[in-house]
Every structure is written in C-alpha cells, then in structure tokens.
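What follows is chain A paired twice: with chain B in the first complex and chain C in the second.
Now for the complex of A and B:
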C-alpha cells in the first residue's frame, strides 16, 4: 500500500516536429488506500498519465512519488504496480491457472504457495471452476475477472484499472462495479480507475480527477463535482442529462437576463461578485435536476412552453422553450402534460451557476 | 440470383476444380507409374498409363549407388541447418523490426531486407562462386551451401516474422513487464508462443527452399557435398537416362517434405488468430 503523489507531470510525444503535449502540468495527491477515478473524454491524456505511473511510458518532466519516494527511473517491476488492461491482456496460450500464477512464478514462489494463492484469488472472484480453461473459452465477464485476479494476486502497492468495464454489457457492468467496490473495501488498496464513463467513476471512487485537453480540470468528490464544478467543462461533463447552459446578461437587481422575459435571480454572493468584477455578460448553467414543476415555497420560477415530453418510465425529461431559449427539466414521470402546455418551472437561487464567458471558470 | 443460376455456377466451379486437380496431379501420377516401369516400357512409342510389367525393384535399385543415400543425408544436413539458422536469426531480426524500428527508418529497412529476395538468384551466381571460393572452407562444403541459402531464406524469414510479431498484441508484453518479467524472459515466455504457428510456416518455407535448391548446389558443390537434386542426373547408363530410377529416387526425395507437411499441417493452418485481446 502506498500513497501516490504526482508533481508537475508532463508528457510530450515527438518533441520538435509534430509534437503532441499529451499531459500538461499534472498535479495529484492520492492517499493511501483511496479509490480514485481518472475521468475524461477519449484522447484527454488519461491513458498517457497512467502509463507513466506504471512505467510503460517515459516521463518528459515532473515526478511521480510512491510514499514520498520518487519512482521516475524505476522499472515497472520495481514500482510494484499492477494493472488490469482494457483488453484484459490474458496470455492466450496459458490456462487461467497459469495466467493467475504468472506474476508469482517470476518471484520464485514455491508451487504449493502458488496453488494456495491462486485458489484464494479464484475463490474471491468466483472463477474456481474455470481454472483449467484457456482464455478464449471464457465469456467477457470471466476474462474480466481473471484479468483483475492476475493484478490482485501480486499484492501491489498501487492498483490501476484501465477502462476495464468498457467491453462489458450494461447488466454485467453494474454487477462488476458492485464487486469491484467490495474488493476495494476488503483489500483497502490504493486504486486508480481510468474511465470515460462518469457513471462508473462516480459510482466507484472516493474522489474523481476530471481531465480534458491534457489538463487536470478538477479533483474532488462527487459532491464537489456536482455542486461546485470548477469550470464549464466539468459542469457539462458530469451529470446526466447534461447541464443547461445559456448566454446571459447581468442586470443590476441581482438577476441574469437570458432573452425576452426569461431571467434567473441570483444569490447575493454571486451578484456582488459579478458587480465587483464588473461583468455584464456570463454563461449561466443550471442542472435539469434542479428545475422542478412542483412549487417550492418562496422560490423563484420561470415560465415556458413544453416542446418534448420524453417519458423514461421512472422519470421524464422535458424540453421547454421560453422565447428563443430551450432547456431541459428532469422530473418525476409526467403523463398529463402535452406539447404546447405553458408551465411554471421552479428553481433555487443557489443552484444557479455562473461561468466566466472567456475563462469558463465558475464564479 | 435465381436458384438454377447458383446451381449452374456451383456446377461450373466443380468442373473447374476437377480439371485443375487433374492437371496438377497428372505429372505426379505419371512420375509414380514411371517409377514402377522397366526401361523398355518407358522407351515405348505409345506411352502406357499403367505399368504393364510392375517393377518395385526400381526402389531398391536406386540405393545400389551409395551416393544416393549420401545425397539424401547431405540434403537433410544442409536444409535443416539452414532452416534453424534462418528461423533463429529471422525471428530475432523480425522482432526488432516489429517492435523497435518504427517510422521511416523501419519501413525502409524492412523493405530493403525483403527486396534481397526479389532479384533473380542467377544474377549473382558468378560473384557467389568467387566469394565462397575465397573462404577457407571453399565452395564444396556444407557450410558454404548453408550460408548461401541464408541469402535467400533470411530475408523471407525476417519479413514474415516481422509481420507475425506486429500482429501479436503489445499489451501482453506490457502486462508481462508489469508482472515483473524482463524483456528477454517476456520474449521467450509470452511473445514467442504467440507466433509459434507462424514460425512453423516460416520453417517449412525455408526448409523446402533449401531441400529443393538445384542451381547453386550444382555450381558450387558436387564432390564432397552432393545434395539430392544434384544427384538425380547421375542415373544414366551410357547415353541413356534411366527414367524409372530418376522417378523412383524423386519419389523417395518427396517423402520428407510431404510427411512434414502432413505432420505440421495443423500449425500452418491455425494461423495467428489465437489472441484474446479485444477492441
């Protein structure tokens, strides 16, 4: 077990001509035993980051520390990290038993010791009945477990999972997420889970590092990401359905005008901040979950016309139009309203997020 | 397409295949029956398609000449040594090209290696003779022939092994590094088993080339070392070629490659799609 510290990490591919700056000034501190997700869209640099952590990629500049020991120049073996691959990377010519025993063989464990450890891991992952099979005889979920098992069996300092759920179907994924969480709670190991799926990241991890365009955008727990997103990207990326964003003008009486009659009231803190910065234009964001059809005592409301009622069984997503602006509202299932109905939509002032129009940072 | 049309196409395809098989197998058939005929029947004006006098003793007759057996042994020595060398060097070179030499340098180098196989061998036959004549062991030796065949087999082996290694998923090697294996151990433990069927195919190609080669063997060797293709023309009596013995000896010389192909067929067919890497 170790804590993991990353300081000013940079990765540049092909320095000079056609250079690609894949990771820019990346800083992160992960505590011992913590489960952290590295979340970001494809090509944001998360895989490069983790390959530098495990030692499969050289570090252009910056440093990586395990328990305050710099490991930049250590080989993957010396770092004692385990990794489960997106593609599972099971050795096709070996049986499942041999696959699981592979990391132990090199450490010169006795064969009885190996059998014992393989047995324990197989039991934990419920794969005891397939130990004699070859990887290509297994289903995706079983291969997934074996690949987790091969990583777990070594008792590594840091455990890295690279998009390990992306090839599983939704049902199996849900089940594996649950089991992975259980495994983490039992082993209490430092785990880094790399994914592009916010649902997986939020469901599993203690804290989430959101990455985009080679830069770490925000590192925090789900509450931070959800209610205090650092910038427009995080607000947009986290949350389903996506946050409503609107261009807005600030008017003196603590309100943001969108267009026509549509306007939102602001809390005193935000409006004084806007006044202090003398900002007249901004981007307003509000989550569909924070808009409601039920009247909230003493709260403000906006008015609009229903365009689409997307009924999803246990909830409805409504698309509402006020003047030229349309936005989404997530509500309990709505059966009795139809297209063209005029609706009052309530919100709380403190749920209105205001972003700087150029830097896109939260105000 | 209507059903009768598909049936017609199937029928025409069958006819074509039948003609093709007959066309390719007839020489083999003729060789086989000739090897059992007496000389008089071979020299008959109208050829017979089944031996009128059946003479299996041709097969023992060829070994009356002690050179026959020795030529087969020489062929085995040369072809097997050459195959082992080609495979060993080709595998290492192919791995290096596939994994470490990428981009413009790698592409050009690998193509240059393959291009060595493209020129007509006869173009270099005179230089080769003088080159090997200048070596301490001279032209008429096992080692000269083994090295010479390397000129043709090594580019092929290197190129093919490179292609096989490129197809072998890199992630398996990375997983092995993380599991604590050194690159060399990973190569032997993880990567090589992945390309094993490919290695068998390459070995077969190299071995068959070395087994059948006539042009260089005839020019460079012939006294101390004499491979079987060079030995075949020696079945003459005065001005007459004993075709029955030539055919019988050729039949015997065909046994090793055919046998080996039958034994190793499953590896050659299996190909490389063994990996379980998804995505």
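Now for the complex of A and C:
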C-alpha cells in the first residue's frame, strides 16, 4: 500500500528531431488506497504516463514518488507495481495456472503457497475450470480476467490497469466493473485505471483525472467533473449525450442571447463575473440531462421545435431547433410528441455553464 | 459504339486491341502452344529421365551395356548391392556426422548469435550492420565458398595454418593436413557452418522480432530475471521456429554435394563421400547407371518420407498457432 505523487512529469519522444511531447507538466496526488481513473481520448498521453509509473518508459523530467520516496530510477521490480495489459500479455506457452503462478514463482514462493493463492484468485475471477488450458484456447473475456488475476495475485504497492475492459462485450464489461469494484473494496489497494471510456471511469473510481493533448485537464470526483467542469473539453468529454454548446452574447439583465428569440437566464454570480471581466461573447454549455419538458425541473424556459425524437426505451433524446440553433434534450420516454411540435424546454439557471471563448475555461 | 465489342464484352480491359478497341482474336492453338513448350521441356528433362531411371534401377546397365544396348533385367539386385555396400554404410555414417556437427552446430550457433544480436545490441544501426555482416557468407555461391575454404585450408601456404603458426599453436615446421583423410570431412563441415549459420540466425532472429513485446514487459513487471525469461519464455516460444530452421538445414543435408565436389571430390579416397555424392559419382563418373539409379531411388524415398514428416509437423505447428 502506498500513496502516489507525480510532480511536473514530462515525456518527450525522439528529443530533437520529430519531437513528440507526450506528457506535459503532469501533477497528480493519489492517496493510499484510492481508485483513480486516468481518462482521455486516444493519443492523449495517458498510456505514456502509466508506463512511466510502471517503469517501462524513461522519464524525461519530473519525478514520481511512492510514499514520498522518489522511484524514478527504480526498475519495475523494485517499484513493486502490478500491471494488467490491454493486450492481456499472457505467456502463450504457459497454462493459465502457470500464468497466474509466474509472479509468485519469480518471488520464490513455495509450491503449496502458490497453488493456494492461485486457487483463491481463480475462485474470485471465476476461472477455476480453465486453469489447465493454454491462453490461445480462451475467449477474450477469459484472457482478460486471467490477465487481471495475474496482477491481483501479487501484493504490490500500486495496481495499474491499462484499458483492461476494452475487449469485453457490454454485458461482461458491466459484470467485470462490478467485480473490480468489489475487489478494490476488499483489497483496499491503490489502483490506477486507464481508459478512454468515461462510463467505466465514472463507475469505478473515487476520482478521475481527465487528460487531453498531453495535459491534465481536471482531477476530481464525478460531481466535480459533471457539474463543475474546468473547461470546455471536460464538459464535452464527460457525459452522454454530449453537452450542448452554443455561441452566445451577453446582454444586460443577466441573460445570454444565442440567436433570434433564444436566450438563457444566468445566475447573479455568473453575470456579475461576466460584467467584471467585461466579456460580451462567450460559449454557453448546458447538458441535455439538465433540459426538461417538465416545469418542475426549473422555472426558466426556452422554446423550440422538435426535429428528431430518438426513442431509446427507458429514455428519449430529443433534437430541438430554436431558430438556427439546434440542441439535444434527454428526457423520460416521449411518445406523444411528433416532428414539428412546438415545445417549452425548462432549465435551472445554476445548470447553465459559461466558458471563455478563447481560453475555454469555465467562468 | 463498336458493334463487335458487345458479344464478348466480358473479357477484361487488357484483352482488347489498344488501337481499335476490338477484342483480341485468339487462335485455339495459342493456349496449346503456350502451355505445350514448358510441358515439353518438363517431359524432356524431368519426366522422361525419371521413368528412364526407374526402368534402369532394375537393369544391369553400365557403360558397355548401354553402348551395345544389351542390358538385362536383374530384379532387386541393384538395391541389394547398394544397401549392403560398405561404401554406402560409411557414407551414411558420415552423413550423420555431418548432421550433428554441421546442421546442429549451425542451428545452435545461429540461435545463440540471433538472441545475442537481438537482446544485447541496443544500437539499431550497429544491429543491422552486424546482421548484414553475418548474413553475407550465405549470399556467396556454395562452389565459391568451397574454393575459398580450399585455399584457406591448404596445408602449405594456407592462411589457416599460417595463422595457427603465428599465434603459436603449431610449430613452424608443423602442418595440419586439413584436406587429408583425417580432417577432410571436418574441414568441409567448417566451411559449411561458416556459410550456413546465417540461415538459422535469420530465421530465429525474425522469430524473436515477431514475439509480442507486451509479454516481455509483463515479465519485467513481474520481476523475472533475464535468464528466467530466456529459459521459460523466449526459448519455449521459439521452439517451433528453431525446429523449422533445423529441418530446413536437415533437408539440405541429403543433397549436399557442391562443397564436397569443389573441395575434395569425395576424396582423399572415398573419405568424404555422402550418399548423394556416391550416386553422382556412380552415375556420371563411372556410368554404373543401374546402381546409380538404385541410389537415386533410395535417396528419393528417404527425402519423400522426411518431407512428409516435416510437412505434417509444420501443419501441427500452424494449427496450434491458428488459435492465437
């Protein structure tokens, strides 16, 4: 068990020619026993960060500390980390039992101890019936679980899980998320989970670090990310369906004008902030979940015309057009409205997010 | 546009006259002419001689009887003579020697060099340069390699003996008769190893390159020491590749004639003859056609069995890997 601190971490591939700055001034503090997800789109530098933590990649500058001990120059073995790989990386010539036993064998555990521990892990991951098979005889989901098991069987300081759910089908993924959460609650170990899937990240972790373009955008729990996104990227990346963004002009008496008659009211704090900064233009964002056809949700409303009613069973996504601007609304299933209907859409002032048009930061 | 084009329009674009756009008019004889010539060549140089050989394996044909056309049927006696001849037995014993000290050594050395090259040399440029350097002997024609080593191994004025004298292993008057009866087979083997070690090296090297790097990262994270990774992971995973390299060298061994011909011509005496060389010697030099044909048949059966076994093994390997 240990806490993990990352200070001003940088990674530059091919310094000099064709330089790629994969990780820029990355700072993160993970508490002991915390489950943290590293979330970001492909190529944002999350895997590079993780490989530096594990020790598979050299650190260009900055430092990584486990329990206040700098481990920059330690080998992966000395760091005592366990990692589950995206590509499983099972030893193809070993049986599943041998695969699970290998980390213990390296540590020179006795064979009775090994079979006991392998049995426990296999029980937990429900793979007891395949221990005698070779990896190439297993399905993707089984291989994934074995790879997870090989990481869990050790007693490391930190667990690193690299996109371990990406090859599972939706049903199995859901089940494994649940299992993983349970495993974390039993072991109470520091875990870092890398993913590009926000659903996994939000479901599993205590806190989520959102990365984009080699830079850490925001580090916080799901409430922070959802309701107080630091910038436009986080607001856009977190949440499904994606946040509605509109170009807006600030006009007097606390409203943002979008186009035509379409306008949103603002809270007093935001409007005074806008006035203080003397900003006339901004980007307005509002989540589809925070728009509603039901007046209980909020006293303010906008008006628009229904374009598409996408019925998804337990909910509906409506596409609404007001003048030239279209946006999405997530509601309870709606069967009685049809294309062309004029609707009143209610919202709360507090849920309107305003972003700076250039820096894209939240105001 | 052109009315003639429509009925045969299912011909591809290149099948049309470039100037007029009409379909090419092909005489029905042309396909026959195109296939016929290679078939004739094949019949002349492969099929007819093989049948002829099959026939003469059961005749007492030699130079005189061939000339006067008075050979006669002798049953299996040619085969009997071959199988019971001392010359054949000794050559098989030499073949086994060559397999152990030639083919095995090549595969062993090739594997070691390939793994050292891949694991130890970190500089990419140096790695490729060394690889090219080590593969170079393989690019030379075997007969040239034979001539080269014949010169190097001359007892007097040969570079190898000079080297041994200069570094003090040999007395200044002492000479090793490399191509004498005692060492001739070993000398040929050395030349062969020098040339062909590169083949297993290339095969094993490419096999090692294709192993997934994530497995090695996993082993690193698990904290496995290098020798354990080599013993438990790398070598078991390269097992099939190494076997294939060995089988290829093994299959080359039974048709190994070139260097023997150039370096010793089977001599001194008959001390460096391998089975194929005897067949060549019998048939072409001594014109003992009947016996040479029997030799050729036996070698053919041996090769066919070996190749079948090899293909069977290869199929199993491919089947096992098709899961992955």
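In this text, the second predicted complex is superposed on the first by the 361 of 363 C-alpha atoms of A that agree within 3 Å, B and C clash if a C-alpha of one lies under 4 Å from a C-alpha of the other, contacts with A are read in each partner's own complex, and residues count from 1 in each chain.
Everything below uses one rule, namely that a contact is a pair of C-beta atoms (placed from the backbone, for glycine too) under 8 Å apart; a residue touches a chain by one contact, two chains touch by 3 or more.
Predicted model only: the values in this text are computed from it and were never measured.
Novice: With everything superposed onto chain A, say whether chain B and chain C fit together or clash.
Specialist: clash
Novice: If you stack the two complexes on chain A, which partner ends up touching A:85: first (chain B), second (chain C), both, or neither?
Specialist: Both partners, chain B and chain C.
Novice: Have a look at where A:184 lands relative to chain B and chain C in the superposition and call it first, second, both or neither.
Specialist: It touches nothing on chain B or chain C.
Novice: Under the stated touch criterion, which partner chain does A:167 make contact with: chain B (first), chain C (second), both, or neither?
Specialist: After superposing on A, A:167 lies in contact with chain B but is clear of chain C.
Novice: Please work out whether A:46 is in contact with chain B alone, chain C alone, both, or neither, and reply first, second, both or neither.
Specialist: neither
Novice: Applying the document's definition of touch, where does A:77 land relative to chain B and chain C: first, second, both, or neither?
Specialist: both
Novice: Between chain B (first) and chain C (second), which, if any, makes contact with A:143: first, second, both or neither?
Specialist: After superposition on chain A, A:143 lies in contact with chain B alone.
Novice: For chain A, which residues belong to both interfaces, chain B and chain C?
Specialist: The overlap between the chain B and chain C interfaces on chain A comprises residues 54-56, 75-77, 81-83, 85, 87-93, 102-103, 106-107, 136, 150, 154.
Novice: Which chain C residues qualify as touching chain A in the complex?
Specialist: 212, 214-215, 217-225, 228, 232-233, 236-237, 320-321, 323-324
Novice: Inside the complex, what are the residues of chain B that reach chain A?
Specialist: Result: residues 169, 171-172, 174-181, 185, 190, 193-194, 274-279 of chain B touch chain A.
Novice: Please output the residues of chain A touching chain B within their complex, sorted ascending.
Specialist: Residues of chain A touching chain B: 54-56, 75-77, 81-83, 85-93, 102-103, 106-107, 135-136, 140, 143, 150, 154, 166-167.
Novice: Touching residues of chain A toward chain C in the complex: what are they?
Specialist: Its residues touching chain C are 54-56, 75-77, 81-83, 85, 87-94, 102-103, 106-107, 136-137, 150, 154.
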